[in-house]
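As written, the chains take the letters A, B, C, D, E and F, and residue 1 is the first residue of each chain.
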């Protein structure tokens, strides 16, 4: 792997990112044709949703040298997205990193490894999604890369892509698909609102989505429960 | 597997279900001779306990067609219990389903798969226990079954059985054992209350349960810690 | 394994334990040369930190006889630390045990197995760290040992050692290293405070820790992102 | 749970069991409508297939008292199927048990826990499927049950049911469905043989199963790879 | 996700693929700068190494329709590489698929899901690497894609890339890097051979790689074991 | 952690080690009061048993510098036992290391991390037990320690302790308990031989171990299977 720090990647526009921050991860994922979702990392807080442009970091397990180098590459509206060459449970990220990032206007951190200082991070309002909570410390001996494409939870994330994160997990919107994805997400929101209204009035999905003939075609039959018959 | 929807299963009585909703999962499980417990699914909320009569659903992984069909089979006091033919991490259940179920008087959902819209579900007060949190969407292409016996977390659950769920997990009370289990649970509650009072006054379990001779019979000896001897 | 209850182990002093209770697990772990940390057990509550002297328990899976015997060995300032001979998901600990321990001045419990009554434990303010939440009950048939050295999450814990636990997990401070570890932890706290202040003013870790030449020596190069070049 | 040993359960006939022993687990599972399969346990040997009538055992974790009691309930053509009240990694079964079972004509053992003496078991030709390999020993202190229905890997197994096991895992054929399942399995075998012959001659499943219109109906399109277009 | 079958992807040359088939996965991975390795899938056989050009398949969990469609896209020297939209333990691949592929000259299959008929696959000499062994059958209801980039075990694999697989796991060589990777792999082989010869003569890696000063610089000290001192 | 290489640790005698190499891991574990067993690491070969005196290694994840340093500390009859500060899936060990160790008379390697070149290791007859098989390469940047006590699979292993490994896993015999453990293991072997002979003649464990009254005391009852009653 080339050990390089790529600077000044093109990024999705701040307006688009802002717009995504009001839409749920599930809705955006569905609007993009059920793509982009990551479930392997969990939030350390509850009730927070953020959207940011990715600054990607590839580190050696147990070594956060490249996260130090990545801070400098982060600016307002960014979200730090860090992974390791093999799975790592080390506490690669904590409150001191968050302090530096928060001052630079970074909206959150996605750590495909361990995180520590979780109470302090919640107290300071810096949201983090991580694979592990673990205090085990790190060294700063081995090089890596910044702003190269990385894979997190089975999804490719490149520098400048939009990452939206909430209690459900994460979704990645590739930079070049951002505008289309936003239009589709808003359409999906509207559709969900209409469905919600209909369900509140008692309509069934079976009817709304025309599934009754589907069930019939698939050979699903209705029959009284045998114990009901005996009763 | 037969693709069938069994309607009108006999159910435990509403009075019995109501009575169970005030007793903890651990107590009921103990009262039934340490049976019926499920720990594999976790609550997405904290501090909620519900009891309901099971409407069971067997779906194909990543396919929630049968959950749509199951909504119609659910009524007041029911709890939806859905699983899949093989393990599935898809987000099989979310806020729109909950909207429909809540309107019908359903008390909660048990999803042996993934769930999404977790913040919305908490906000609307519809309790869910699930194996995964994941936004990944589903298709509606493959048939399954409703109100047949299913296995969740190693326990058989049949339509009409009572499922009680709280922060500790789940317990299944088979319909035909419900009355006996309720009597036993209330007896266990009383016993726990007496034990609690005794412990608050400083009695030890060793004495209360007569365990000192048990320890002796099993060959457990008491000895001063060697470092204490050296000191 | 010898089935023995060792009484009166020497313990770290109450003053030292008290001092540790105000320092985070991550800081203490770092101050001890990145040793002593346990991440495998998770807190059932949020926002609580405790420090106590360990009363260790080795039980048979699914059998909490020795925890009953251990209550009597616990006193003010202690923390109960229980594990099993092989991994066990049984609910080995719950609210009745906590009632007894709380009355004796015990500060918390570390259960390398399952725990139940989690809502009740939170309500009564007795903090617990555990590997599982599970109501499955236990028997009292098989002997074990108390206050012998045990291994939890890869760390050896002996009677009288200090265990500090917070939202990040656990750290074990061996009794005989307690004073040195406290001095080092306070020094680390001061260093973290200085770093925090510097980060809040915008200094980078790259500069503060002198990492720029390290990156250069390791062959990490800076280059404009290729897509930025194309733009 | 009732602590009982049920004797003389009705069993599937020896002829039927014998017939199943020549058919693969996958084929039988498909022939039964894709039911009955268990994948959680793995064989400790390679290239062996057995079919037997189940003698079921429910034990306490780390306690093999009931397996001792079960030996007496086993006879020619049986297969021992043992599980525990909660997951157990103990070495619940080994060569001495196998010696006793082999002498009684038992065809193999299914252990939903740990097994030991694996080399000796292979040497003596007694096949075992297990969840763990682990030497950790057991006690004989806690009661359980024999020939009651148990759940292994999500499947209910009752005394007298047929269990077929090979390198792919296990399938359970309920006693009362055995004759129908055998007829269906033989039909499936014949169908597979015809498919194999056709595939050997180059026919495609797409054509044999009429899937081309399915793909078209589902909106799957064919297009030259973009890189091929550029070439 | 677009449901498309991309035909005629450009492929690495047969000569290059053939050359890779004689080099171990570990060596190729190292030669490419420690990239491309996949460890999550295990071989169902022992002692086999293959190299092929990837035909990639993205399926719905529990649905092998697209694998049927992929057979037609496979030819001599190819290796089938199939994954699913979410993790799937279904037996997505077995002996009948292998029969068709073997006739077409396909060298093996990489199944990021379950596989069945493992003994038959070994008997026919068709090598398979998979995540699970499981007989659970599949449906053919949901569309997917063929020859699009997929992610397996954290690595991106595109149509026409070279996949080499042996007992250690897999390595992916991107098509456009194949020639460079082959040169580097051969150089690495030569270096390993020289190292092996030197180690056989007793040279230490400490000396051969000049690590003694590294240890010293890192502060590693040598000291007689304290128990040796006491002796 | 102190970064130190402890030289010349006292070791169990070669005669004792040789004697243990003919006794199974399960037997030794039982003879030591059911202690010392490790099941988390699996052999990469089948049918091999070795016993050796431990040379312990503590490395940083993904960094095998200390294994290089450990080779020099290994001699005839030793077994290399390596772990990492946090879990590591890197291929920390392979055929080149084995070449050097084999020349020095080392009997095998225990790697609590990943291993590669598994086919080559089998071919050269150097036995290895490991947690993962993975080709992912390592760096040599971070110090560690040699011949200090380490924890593997929950067991403490110190330099000079005896490790016995076979298809069932591992057992650690502390150096100072070696002679007693050998006597006890031989006694256990004799007891097992007598039991085997008795089982071959049809005696039941129920009778041999006097378990019938135990079952009765525990309340286990015998009853004809209800379906047998109906027949």
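One rule holds in what follows: a contact is a pair of C-beta atoms (placed from the backbone, for glycine too) under 8 Å apart; a residue touches a chain by one contact, two chains touch by 3 or more.
None of the values given here were measured: they were computed from a predicted structure.
Student: Taking a step as a move to a touching chain, how many steps at least join chain C to chain E?
Tutor: The least step count works out to 2.
Student: Specify, for the interface formed by the sequence copies chain E and chain F, whether it is same or different in terms of residue numbers shared by both sides, with half as the dividing line.
Tutor: Homomeric contact, different residues on each side for the most part.
Student: Suppose each chain is reduced to the average of its Cα coordinates; what separation in Å results between chain B and chain D?
Tutor: 28
Student: So, what's the distance in Å between the C-alpha centres of chain E and chain B?
Tutor: From the centre of chain B to the centre of chain E is 42 Å.
Student: Two or more other chains touching the same residue: where does that happen in chain C?
Tutor: If we look for residues of chain C contacting two or more partner chains, we find 34, 85, 89, 134, 136, 142.
Student: Using the touch rule from the top of the page, what pairs of chains touch, sorted by label?
Tutor: Per the contact definition above, the touching pairs are A-B, A-C, A-E, A-F, B-C, B-D, B-E, C-D, C-F, D-E, D-F, E-F.
Student: Please give the residue numbers of chain F that touch chain D in the complex, ascending.
Tutor: Within the complex, chain F contacts chain D at residues 24-26, 29-30, 34, 37, 39, 42, 46-47, 49, 166-169, 171, 192, 195-196, 199-200, 202, 204-206, 209, 211, 214-215, 218-228, 231.
Student: In the complex of these two chains, what residues of chain C are touching chain B?
Tutor: Interface residues on chain C, with respect to chain B: 3-10, 65, 68-69, 71-72, 89, 91, 94-97, 99-100, 103, 114, 116-120, 132-137, 140, 142-144, 147, 159-160.
Student: Inside the complex, what are the residues of chain B that reach chain E?
Tutor: It comes out as residues 60-63, 85-90, 134, 136, 139, 141-142.
Student: Could you please specify the touching residues of chain C with respect to chain F in the complex?
Tutor: Residues 1-2, 33-35, 85, 151, 154-156 of chain C touch chain F in their complex.
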